[in-house]
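Two complexes are shown next, each including subunit A; its partner changes from subunit B in the first to subunit C in the second.
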Partner chain A sequence: MSTEPRTPATDRPALAGGALRPAVVVGSNRIPFARAHTAYREVTNQEMLTAAIDGLVARFGLQGERLGQVTAGAVLKHPRDFNLTRECVMGSALSSETPAADVQVACATGMEAIGTLADKIRLGRIDSAIGGGVDSISDSPVSYTDGARRVLFDLNAAKTLKDRVRAVSRLRPGHLVPQPAGAGEPRTGMSMGEHQALTTHEWGITRQAQDELAAASHQRLAAAYDAGVMDDLVTPFRGLTRDNNLRPDSSVEKLAKLKPAFGRHLGDEATMTAGNSTPLTDGASAVLLSSEGWAAERGLPVLAEVVDVENAAVDFVDGRDGLLMAPVYAVPRLLDRHGLTLQDLDFVEIHEAFAGTVLATLAAWEDESFCRERLGLSGALGSVDRAKLNVHGSSLAAGHPFAATGGRVVGLLSQTLHQAGEGSLGLVSVCAAGGQGIVALLRGR
Partner chain B sequence: MPSSDPYGDLVRSPLGRRLTGALGLPRPAQLRRLEAGTPEFAGDVLVLGEGPGAEQARALVSAVGARPVGDAPAEGGLTGVVACFDAVTHPGELSATALALGGALRSLGASAHVVTVVRDPEQAEDAAEQAARAGVIGLTRSLAHEMRRGGTANALLLRDGAALSDAGPAGALAFLLSPRSAFVSGQPLPVGPGTPAPSSPEGESEAPLAGRVAVVTGAARGIGAAILRTLARDGATVIGVDLPAAGEDLMRLVNELGGTALALDITAPDAGRRLLEHARARHGRLDVVVHNAGITKDRMLANMDAARWDAVLAVNTASQLAINEVLLAEDARDTVARDLRIVGLASISGIAGNRGQTNYAASKAGVMGLTAATAPVLAARGGGITAVAPGFIETEMTARIPLLTRELGRRLSSLQQGGRPEDVAEAVAFLASPGASGVNGTTLRVCGQAMMGA
Partner chain C sequence: MSVQTRTRDAMPALAPLYAGAAAQAGRDALSRRSRPAELPGLRLVVADHRIDEDALRRWREGVGPVDPDALPSVLVHTQVFGAAMALMADPEFPLPLPGMVHLTNTVTHRRPVAAGRPLTVSAEAVGLVPHHAGTAVDLLVQVREADAADDVAPAWEGVSRYLARGVHVSPLRPERPARDEWTAPAPTAQWTLSGGAGRSYARVSGDWNPIHLSGPTAKAFGQRGAIAHGMLLAARMLQSREPAEAGFRWEIGFEAPVVLPARVAVRYAEEAAGATAVTGWDPRRGRRHFTGSIAPIGG
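Presenting the complex of A and B:
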C-alpha cells in the first residue's frame, strides 16, 4: 500500500489539513404557518416537515439527490416520532440514502440545526445539507400522569391474576387526567408569557411601543406577500397559501383594545396582550445549505454565507436575567469575534416571541450601565436602526411554530441579503425556553 | 378518478349499447390512446394512390413499425389508411383514390386513422389544381364525420415543395397515424419540408425530447399537468411554472417527474426574465416553451367590466407576447436553443366564438394571430411556433359546466365525446418535438371534430 498522499493538502477538507471553506445558503422553503387547531388540525409534524422538504426539492430539482445530512427537530414531539427527521427524509423526494438527525433546543431548534450543519460544511465533512424544524400544537403529545404510568407498567409486569388485580386497584380517577405538553418552565412553574411580563415590566417597555411593533410586523409581512417577496420562500400546504395569523389591517388602534393576557398581577402596568404576543402555531421550515462548489455544480443560487453562530444561556432561575434575554449576551460576543458593531449590520432579525422580548433586548443594548456591568462592554452596545429591524415582519405576524422559526428567519434574511447585494451583513437572534438563545451572522452573496 | 361522463359509460355497457342502438342515440366509442407498454404502431396500414407520395408512404409506414399493404384485407382490421392525392392537378382525378378509400372503410379496425396527403391548395399553380387540392380537404372533413368506432380522418398538406418523405411530413404522418392523435379529426395540417432531427443513438421515437429542457406555464393542474407529464415521458427535463398559490400541486408533480418548480405570475413585468434566468441557472438551456396558463372570466359583453376583460387578455395573450420577446432576444441566445419550439394554447372558442366569452375568444384568437405572425422569426432560426386549440376536454373546469350544456359540448363532435387532457398534451408534445420541424405558424385543433367553428 502506498503511503503517498493522493490529494494535495490544499484540496483537502479542513478536517484533513486543508483550509476552512464557506457554508452558504442556497434557498429555503416553508409551509404557511397556521394558528394552532386551525388549518393543520389534522396534520402531523411528519407531514408538515416532509412538505417543507419536498417544496425545497421541487424548487431546486433535488429529486433523488443524496444530501450530506438533514437535521431538524420539533419541540413538542410525540415519542413515536423518535426518528422524525429520518422518517421525513424517507417519505420525501430526496434519496433515502440521505442521513438525518433530530435536534432540540426549544425555540432555537432550527438555529442549532443550521449552525451545526454549516460547521460540518465548513470543515468539509459534508457538502450539502438541509436544516430546519417543525412544530405542531395540534399534534402535540398528551401523556398520562406518573401515577397512571406506574400502574400501567406494573400491570404489564404482573405475572398472576392476583398481581394484576392489585395493580389495577391502585388506579385513581386523578391518574387519568391527561397531561398536555406545556410551554411552562419546569424550574419556575411559570409560563413563558409570565416570565416575559416580568422582563417587559423591568425594562419599562410601554404598551404603546409593543403594539406599534406588532402592527408593523403584520403590515410588513402583508406587504412582503403582496410584493412577491415570499414567492420563493413559501409553498402552499393543505389549502393555505399565507400564514393565517397574518392580519394585514392590523393597527395600533385595534391592538390597543385588547386586554392584558400576561402579567395581570401587575394591574394597570400589565402591557402584554394576545396581540403583542405570538400565538401558538403549527408549521415547518427547511433551509438548503451547501459548499460553494456543490451549488455551482448544480447551477444553484447562493444567497448568503453563514459566517458564524453563537449560543448563550442565562440564569433566569436564581440570577438576575429574564428568561428570554440570552441573545442579549450572545450578540456582542458574536460581533466582537468579527470586529463588528451593531451599526455595521444592514439587517437585524430579532425573533418576536413577544413584542416585549424584542424591545427589552434593544433597551438592554442601549443601556450603558447594563452593557458595562453585565455584558462587560466599555459602554452601551448601541441602537438598532428600526428601518433595519425585521423588515418583512416577524413572528408576531407569521406565528411561531417553535422549531420552525429559525429556518423561517434564516431563509428570509438570506434572500433579503442577496437582494441587498454582496457583502451586506445580517444578524439573526432567536431566544428560547430554558434561558437559552442562538444568534447568527450572515453575509449576503 | 370517477368518470364524469355517465352517458359515455352507459353506452359502453351491454344494456346501454342495445338501448342506445334501438333509440338511435349517439354511441361514442372508446378511443385507443398511447399506453405505456403497448406498441405505438402495429398492424396493417393501407396505402392508396399513385405517384411519389404513395411510394414514400409505404416506406414511412414500414419505418414506424407498421405493415404497408396495397389492398384492404377481407378480414378487416386495418389500423390506418394513407390516401395519397399529392399529384392531383384537376378535380376529375380525385375519384379513383377517393372511391378506393371508400371501399376500404369497412375493413378498418377500431380507432383507425385515415390520412389524406395532398399539396397545399394555397400554393396551387392554377384554378383546376387548387380546386382539386381543396377538394381533398373537403373530402377529408366529410369522411371524418362518417368515421365509425372512434376512427379519425385528417389531411396532411404538403407545402413549399416538400416531399412526403422529408423530415417534416414524415413526422406529421407518424403523429396522425398514431394513437397520440386519437382526438384529432377533420383537420388539415400544413407541413413544410422541415429539418432532419440530429440522429440519436438511443432511437428518436422512444424519447423524442431527450436532452431537451421544456417549460410549461400553468403546469400544476389539468391540461398543464398532463402536458408536463407527457413532455417528461418523452424525455424532456421539465420546468413547471404556476402561480405561487398553486405551489403544493406543482411541487408534488415536479417531484414525481423530476425537474424544477418555479412560482411565477406570468403577467408580472419581469416574468420572462425570471423564467429565462431560472432555465439558464438551473438547466443551462431551454428548448421548448408551452404557454398553457389561461383563465376564463365569462360574462355577456353587455355585462363585461374592465377587470374581467383585462385579466383574461393579460394572462392568455399578453403574457405569451412578453415572454416570447424575452426568449427570442439576442441576449437570451446563450440559453435558448436556436431551434426553439413554442406552443401556445388557443381554443375553439377563439375560432368559433362562444356566448359569454368575448374576452376569452379575443384572447385565444389573439394567440392564433401571434403564432402566425411570429412564425417567420422562428423559421429563420430553425425552430417553430404553433398553437393547439382544444375543444371540449374533460377537466375539473368542464366538470363544473351545467349537465345539459356539458352533454351538448361532448356530443356535438364527430367522436361524440369529450377529449382528455392527455389528448391535448400529446398534440403539444408532438408540436414541441423535432418531428414537428415542418409545422410552423399553424394552429392545430384537438377537438374530435367539434361542430363548433368547423
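Presenting the complex of A and C:
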C-alpha cells in the first residue's frame, strides 16, 4: 500500500472525481479583417493564424510557454494545410511542445474550438488553451475535376510508355476547368445568400430594417475603434490597422441605393443587397482560455467565464427551416438549462451573416406560434432589447472570415462583459452552413 | 389481343436503333408507306441481362455516387430501356420513333436491383393514348431477378409515355387541356446544368439523340438549343432520396424543355408522410419544366 499522501478530492480535476471548475477568457487577439482580394491577397491562412496567435502570445507574455492545446480551423483550406493549426503553433512563439488540433464547423468553427477547449479546462484535462480560426478567400484552394484527377492518378500508376500515353489521351479540355471551393450548399445547389433571401422573405423582414441594422453595425464599430475599444482586441497586420470593410459614414440613405444581390426571383420583394450582406473576407482570430488558477499564477486578467455552449442543426434541405436558423433553436435550450430568459442577458451578440439573419432570428423568438409549435415553448421566447444587441457592431461592418468570426465575437463580448462588471451575462450566436449553429453563454468577471 | 413473346440474347443498343428508325422514316416518306394503326402485340424479353461495372463507372462520372447493391432507379432505366426502344424502332410500330417527345415516366421500384446479377427484362407497348397534339404510347418495362418466378411482382417496373406529334391513329382528338394558372413557389433548391450536360448524360445513358448534344444539332431538329434529357432531370430529382431498401414509387411529367446551359429552380415539398412533391421551373421566365413525386409504395 502506498504511503504517498493522496491529493484531496477537492483539488482533483473533475475527470478524477473532483468538482468542475470554471473556464475563463483571459483575452483575445485578431488581425484586422480585409475584404477578399485586397490587403491580404498574397497572405496565406497559415501566416494569418500565426500572426493572430503571436499577437496573443505577445500581449500576455506567453513566449516559450507550453499550453494545454491550441484548436483552430479554416473553412476553406488547402489539402497541404491538413495540420494547419499545429504548423501555426510550431511557427509561433509558443513552445513547440504545445499540441494542436484542427476543427471545422463551417462559420461556427471558432465557436466549436472555444467550446470544446472550455470543456476540457472545466474537466481538468488542460489548464490553458487558445481557440480560434482563420479564413482566406484570396488564398482559397481550386481543385481539378474528378475526370482530370482520374487521369492523373492513372498516369501516376502507369508503368509503361503505352499506359502513360493511353492515360493522357483521355484528358479533355473540360477536365482542366478549375473547380472553385464552396459554391453553395451541396444538397440544394443554392448559395447561402439565396437561402437567406427565402428566410428573410418568409419572415417579412423589410429592406428598411435590414439597412438600418447594417448602418448601425458600421457606425457602432467605427465608434468602438475611435473610443479605443478595439485596442486590446486587434493587432495591426500588413498595413491594416482597422477592418477595411468598415464604412464609418455608412447610412440608411446610402444603403438604400444598392440593388438587390440575392433573391432576385422575388422581384420587387427582394431586399438583400451587398450592403446588408456580409462580404467575403480574409482574417484570423485567437482567444486565450484557461482555468482561474493558471491565470492567477501568471498575474493575467480574467475577463469572463465560458458558462455553456450549445450546438444545434435544422432540417433546411426542403425548406422546413431556414438554412441559418439553427441558433433560433439552440438559444432557448441553452437558456433553459440555466433557468434564464432573454431578458436576463445584458449583451447579445448575433453574428451578422446577413442583416436578414439577425432580424429573422429576433422575429422568430417574438413569434408566439413559432415558439410554441417549433421550439416547444409555452409562448414567445421574447424580444431582445436593441440597445443590448451587437453593441460594438458585428460582421456586416467587420467582415466575416468564416472560421475567425467565433474568436472575434467571444473576444469582444468577454471584454464588454468585464467592463460591465462581475456577473453580467452575454450571449453569442453564430449560424453556419449545413443548417448548423453554435451559441454560447458568457458571464462577466 | 394475344401477345407474342420474342426473346433477345442481348440488350439492344440505342444508337443503331435511332439510325435505323431515321432511315426507315426516310424510306417511308419516299414510298408513302403507312404504318399499322395498332400496337404489335409483342413482348420483347432479354434474358440474363447484367448491369456491368462500365455502366456504374459512367454513372459515377456523369451523375453521382452508386451503390452496386442498390442501383439508382434511373440508372436501371438507362440499362433496360433499349428493349422498349427496339419495339418503337420496328418498322411495324404504329408511331415513328424520330421526333418522339418524352411526356411522363412512372416507376415502381420494389426491390433493390444489384449490378452484375442476372436480370430478366421484358418490354411491351401497352397502350396508344390519343393526345391533343398527336398520339402517345405507353411502354412498360419490367425487370425481375433471373431466378424470380413469373408471378412475382417485378423488382423494377417503369411506364414511359412518348408522344408522336401530328400522328393521329384514332379519330378521337382530346381537347387541349386549359393551361393552369401557375406561379412559381419559393424554391428549396437550384440545379446548375452546364452546356455539356446533354453530352455528359448521353455518355451515361447511351441516348445520343442529337437534340441533347449541341445547339446546332438540336436546332436542326426544331429545338431552341440543346435540351436536357428528361431522365437526367429525373436522376437529379431522385439524387440522395432513394431508400436503399427500395419500396418506392416515383413519377415525373415533362413540360417546357430545359435549354442548356440552365439554372433550374426546384421545390421539394412533403405532401404526406414520406411523400414528396417536386416541381422544377425556369426562375427567369417562370415556366414549369417538370412536376414529379417520390413516395413509398402504398403510401
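Points worth noting:
Here is the rule we use: the second predicted complex is superposed on the first by the 439 of 445 C-alpha atoms of A that agree within 3 Å, B and C clash if a C-alpha of one lies under 4 Å from a C-alpha of the other, contacts with A are read in each partner's own complex, and residues count from 1 in each chain.
Keep in mind that, in the parts below, a residue touches a chain if its C-beta (ideal position, glycine included) is under 8 Å from a C-beta of that chain, and two chains touch if they have at least 3 such contacts.
Because the structure is a prediction, the values reported are computed rather than measured.
When both complexes are superposed on subunit A, subunit B and subunit C fit side by side without a clash.
In the superposed model, A:V317 makes contact with subunit C only, not with subunit B.
Of the two partner chains placed around the shared chain by superposition, subunit C is the only one that A:T188 touches, whereas subunit B remains out of contact. In the overlay built on the shared chain, the residue A:L300 is in contact with subunit B alone; subunit C does not reach it. Once the two complexes are overlaid on the shared chain, A:G64 sits against subunit B while remaining clear of subunit C.
Between subunit B and subunit C, it is B that contacts the larger number of residues in subunit A. With both structures placed on the common chain, the touch criterion links A:T235 to subunit B but leaves subunit C unconnected. Least inter-chain distance for subunit B and subunit C in the combined superposition, rounded to the nearest angstrom, is 45, based on C-alpha atoms. When both complexes are aligned on chain A by C-alpha atoms, no subunit A residue touches subunit B in the first and subunit C in the second. Within the complex formed with subunit A, the subunit B residues making contact are 244-248, 250-252, 254-256, 258-261, 263-265, 268, 281-284. Those residues of subunit C whose C-beta lies close enough to touch subunit A in the complex are 61, 184, 186-192, 196, 240, 265, 267-270, 276, 283. Within the complex formed with subunit B, the residues of subunit A that make contact are 51, 54-55, 57-61, 63-64, 93, 228, 230-232, 234-238, 241, 298-301. By the touch criterion stated above, subunit A contacts subunit C in their complex at residues 146-147, 150, 174, 184, 187-190, 194, 198, 201-202, 265, 317-319.
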